[in-house]
Amino acid sequence: MDDHPISRFPVPDLADLPDDIADMLRGVQEKVGFIPNIFLTYAYRPVEFRAFIAYHDALLEKQEGLTKAEREMIVVATSSANHCHYCVIAHGAILRIRAKDPLIADQIAINHNRANLSPRHMAMLDYALKVCKASETIDEEDFKGLAEHGFSQDDIWDIGAIAAFFAMGNRIANMTAARPNDEFYGMGRVIQTRD
Amino acid sequence: MDDHPISRFPVPDLADLPDDIADMLRGVQEKVGFIPNIFLTYAYRPVEFRAFIAYHDALLEKQEGLTKAEREMIVVATSSANHCHYCVIAHGAILRIRAKDPLIADQIAINHNRANLSPRHMAMLDYALKVCKASETIDEEDFKGLAEHGFSQDDIWDIGAIAAFFAMGNRIANMTAARPNDEFYGMGRVIQTRD
Amino acid sequence: MDDHPISRFPVPDLADLPDDIADMLRGVQEKVGFIPNIFLTYAYRPVEFRAFIAYHDALLEKQEGLTKAEREMIVVATSSANHCHYCVIAHGAILRIRAKDPLIADQIAINHNRANLSPRHMAMLDYALKVCKASETIDEEDFKGLAEHGFSQDDIWDIGAIAAFFAMGNRIANMTAARPNDEFYGMGRVIQTRD
Amino acid sequence: MDDHPISRFPVPDLADLPDDIADMLRGVQEKVGFIPNIFLTYAYRPVEFRAFIAYHDALLEKQEGLTKAEREMIVVATSSANHCHYCVIAHGAILRIRAKDPLIADQIAINHNRANLSPRHMAMLDYALKVCKASETIDEEDFKGLAEHGFSQDDIWDIGAIAAFFAMGNRIANMTAARPNDEFYGMGRVIQTRD
Amino acid sequence: MDDHPISRFPVPDLADLPDDIADMLRGVQEKVGFIPNIFLTYAYRPVEFRAFIAYHDALLEKQEGLTKAEREMIVVATSSANHCHYCVIAHGAILRIRAKDPLIADQIAINHNRANLSPRHMAMLDYALKVCKASETIDEEDFKGLAEHGFSQDDIWDIGAIAAFFAMGNRIANMTAARPNDEFYGMGRVIQTRD
Amino acid sequence: MDDHPISRFPVPDLADLPDDIADMLRGVQEKVGFIPNIFLTYAYRPVEFRAFIAYHDALLEKQEGLTKAEREMIVVATSSANHCHYCVIAHGAILRIRAKDPLIADQIAINHNRANLSPRHMAMLDYALKVCKASETIDEEDFKGLAEHGFSQDDIWDIGAIAAFFAMGNRIANMTAARPNDEFYGMGRVIQTRD
């Protein structure tokens, strides 16, 4: 068991948090079984916490366009490029579950070029990594290439916006040294039989 | 006059926007004289717009701790590292005004090492640029160094959070090719007489 | 299940391999339950295979000095820096087993700075990554620093030699697009009860 | 007002300079209203000063081929890539004046990809930046591409030679910490009415 | 004469080495006139020495496919990219001799793009340097490109394997600060008359 | 013998050059035995040629302060960092002759950290390479460090100015693909007996 602190900054008690945040965290705990440490880390700043969650849900929980698994693929690829311990572990778990694929998260994190991906997904991640690492060089060719793979204008915004949002999230997690919960490492590693 | 489009993505009419956003934009126009193009760019996505503004104001308009000019110094330094056309121009203007210094924004944008800064401000920007460019290497030495310059724990969070937030904002502006309003370029370049 | 080919190059049948290599592979299969794909990839070149195995065992199976878990930590850290899909997955599994720690491999692969490591192990990996990425800048200070952490001259050779050996192995695996066996991903993720 | 020293090295008095240099500087002062600090910085070394000015004028004041504004575009783009405080500020002013465009210098300095440029000018700056940053990779394709945009052999020499000359000038300014005169920051920012 | 030590690590006496290694070194001395220092450096570790030599000879002394001069071109190009003092000097000498060309080694070491090479050899070195510097991005296009230049599957393995092998050898030489014998610098610099 | 063209640009006949340049080149030919190709390359632009030579001689032929060998060490180190084929070969020859050391040029070109240098010369080259590669980060610590090694203010200017001047020269040579004369490769490789 990892006994490093959750964050370099003070971690508030649930009892000291504003009601809306405390309620939300209790809801997560009930549903998932534990409170992801990034929530406790971020709760040090309630106003920022609320904006972060609102933004996060708008991009990651959206029903139209990209699938939820595709959204998590973007998170894992860009978080790995940013060497974000918290996000690769936590979103790696979510990706395994949403994609029902126990191998994909590690493959994307280590080298997306070697991952077992369709050309469409490869193009999606190539663009996401360009937003992550060299957004100043994005040009019309990038947009044309994505359109040729069937991505709509809204999809293209989403790919880029998720990469941009985690450019922020990765830096917050890195500056706070946020520690991922031990539970995430093993989640989704066994394919459930579905009969 | 620059007649490039404001954004690569559709720019909504004020009349088509949700009331709260349209009202906010009209308020800005009244106060500043024009609507910053990034607002129109972002309004393509109302839910993300609201989260962005809430987050932005929490970090940039905060009264305690860092001064507003210091906050804008961080924005300009990191936006320049990300080659973000929109943010360097727009926040350069805001920095000139808030710092009452017509030279500082260009100095920081080109090479903060050569800017006319106190050691305290140099340390602040060095850390902000580390969050911007190599957040995975942040360590306790960074925190100690900032504390020695008199930055509180809350200040340190703010410096890093602003750098992280613009890691996102810069990428959104770069992916949308958001064009800064012509007005920004010249704002704050003449020192007001102070009598 | 991943059904990509094992290697970009032809993969020999066991029946067509020289006896010593075929026997060795059958022995591994019996012991581990499967033949690691890198062996089949490398067996395309029997003479190189034998030299590779002899070198590998001299560095990874050595009894004196560094523990076997320490040796695998070096492999995982440098293989991740080289984005080697095969080696991070396969040696991540071996590291989890040898360190009896289900979390350490992912931590080191993503960002060794955030891993739960002693200062001694941090210094060991810092040096290994210097050999991996900037060996032309190694100097006496590096050797002094390692000695202060208690590493002997022979340990220092071993750390560097393992990093150098996997500089080769990672490139062979990357150029052959060697695919790690699915079994590796999940190995060592559950801590065995020890009563 | 910036009261940093003009240069890290001694700055000679006009009275102590050789006559030809003192006369030249007095001529500039009369014409422009002030002596650009780089001249005083460079005058520490009269022989080098004369060679520098001769070279500079051959490349920047040439009448044939590239326009003077185009030449300054190259200076600003490459000086920004070299983070040269002096040259971006001083030549940014000259570019605004020569191009009669108050926006172009900042656009090119921040990210020439987002500047309001013709494809011809974009190709010109792409090549100049290749000379600036990766001249060892220049090949025949670069020359063909420039020719297709209508650049003559002499133009291509000029683009490259200006980029190369400022590779030197930027480093001299950076090593001397040459401070741009305050006057440069605001020059050319207001479009003159043209009636 | 360079009187730096041969290696940072202890250099064994021939008398203390296992017979097979001592005999091999005496054979080399007889044939070449001196014992290359890397052999003495490596002999600190007899088991690794034997594996290194076996691997080296399998790749560099092979009769089929690539010529011996081509193999040395790969060594010099990649060793220079790794700033390996020992290997550029020693294999530069061997390349001059095997290619019967006194200029080629320096050309390849400084900038292979400017070397006097056929398109086939340029493609060979481009691929070798990709294995050296960015093996994680190798893809099918690389293999197709090499095939178009007439390289067989076995040749492609050899090019990559030599680059990979010297990724190891360069790091061993750099970490030991192995000093090349003075004799190597001048070898092969005079073209022998061929009558 | 290398039969590539001397330059990508037209190379003028001596007969067509202005008298002062033609005379100078004839003088060099008489003294050295051949005309260095860079002179013929540069003579395409007589005005730039004269400025280049004046600047070059001011920095490289200066009698006070740094020795001529030290000046050439700076040229070789920075030209190698810029992968300048012409300058490493030509100035490597001059360095061997001026330093009366047949090994030093190759050592510095490949990895100055491994060259047989005094701490003073190591500090000199470290600073020169900082001017070459990261001049925007030069600070007072650099100047103090050089002073501690006994370098005067004028020496420090010279080190930096030579590195800056070859930042230009290397780029001109690279953009023209200037070919070094075959004679340079072997010059100074045999130590003259000194009786």
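By letter and in written order, the chains are A, B, C, D, E and F; residue numbering begins at 1 in each of them.
Rule of thumb we're sticking to: a residue touches a chain if its C-beta (ideal position, glycine included) is under 8 Å from a C-beta of that chain, and two chains touch if they have at least 3 such contacts.
In this text the structure is predicted, and so the values were computed from the model without any measurement.
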Given chain B and chain F, the chains that contact each of them: C, D
Lowest number of touching-chain links that must be crossed from chain A to chain F: 2
Furthest chain, CA centroid comparison against chain F: A
Candidate from D-E, C-E or B-F with the same interface as A-B, over half of contact pairs in common: C-E
Distance from the mean Cα position of chain D to that of chain A, given in whole angstrom: 45
Whole-Å gap between the CA centroids of chain C and chain D: 52
Chain D and chain F, separation of their C-alpha mean positions in angstrom: 25
Contacts with two or more other chains, residues of chain F listed in rising order: 83-84, 111, 113-114, 136, 174, 177
Chain contact topology (line, ring, star, complete or other): other
Touch relationships between chains, expressed as pairs: A-B, A-C, A-D, A-E, B-C, B-D, B-F, C-E, C-F, D-E, D-F, E-F
Residues of chain B defined as touching chain F within the complex: 111, 113-114
Residue numbers on chain B that touch chain D, as the complex places them: 2, 4, 80, 83-85, 88-89, 102-103, 106-107, 109-111, 113-116, 174, 177, 182, 185-186, 189-190
Chain F residues within the chain D interface of the complex: 8-10, 44-45, 47-48, 50-52, 54-55, 58-59, 82-84, 131-132, 135-136, 138, 143, 153, 157, 160-161, 163-165, 167-172, 174-175, 177
Complex contacts: residues of chain D adjacent to chain E: 136-137, 139
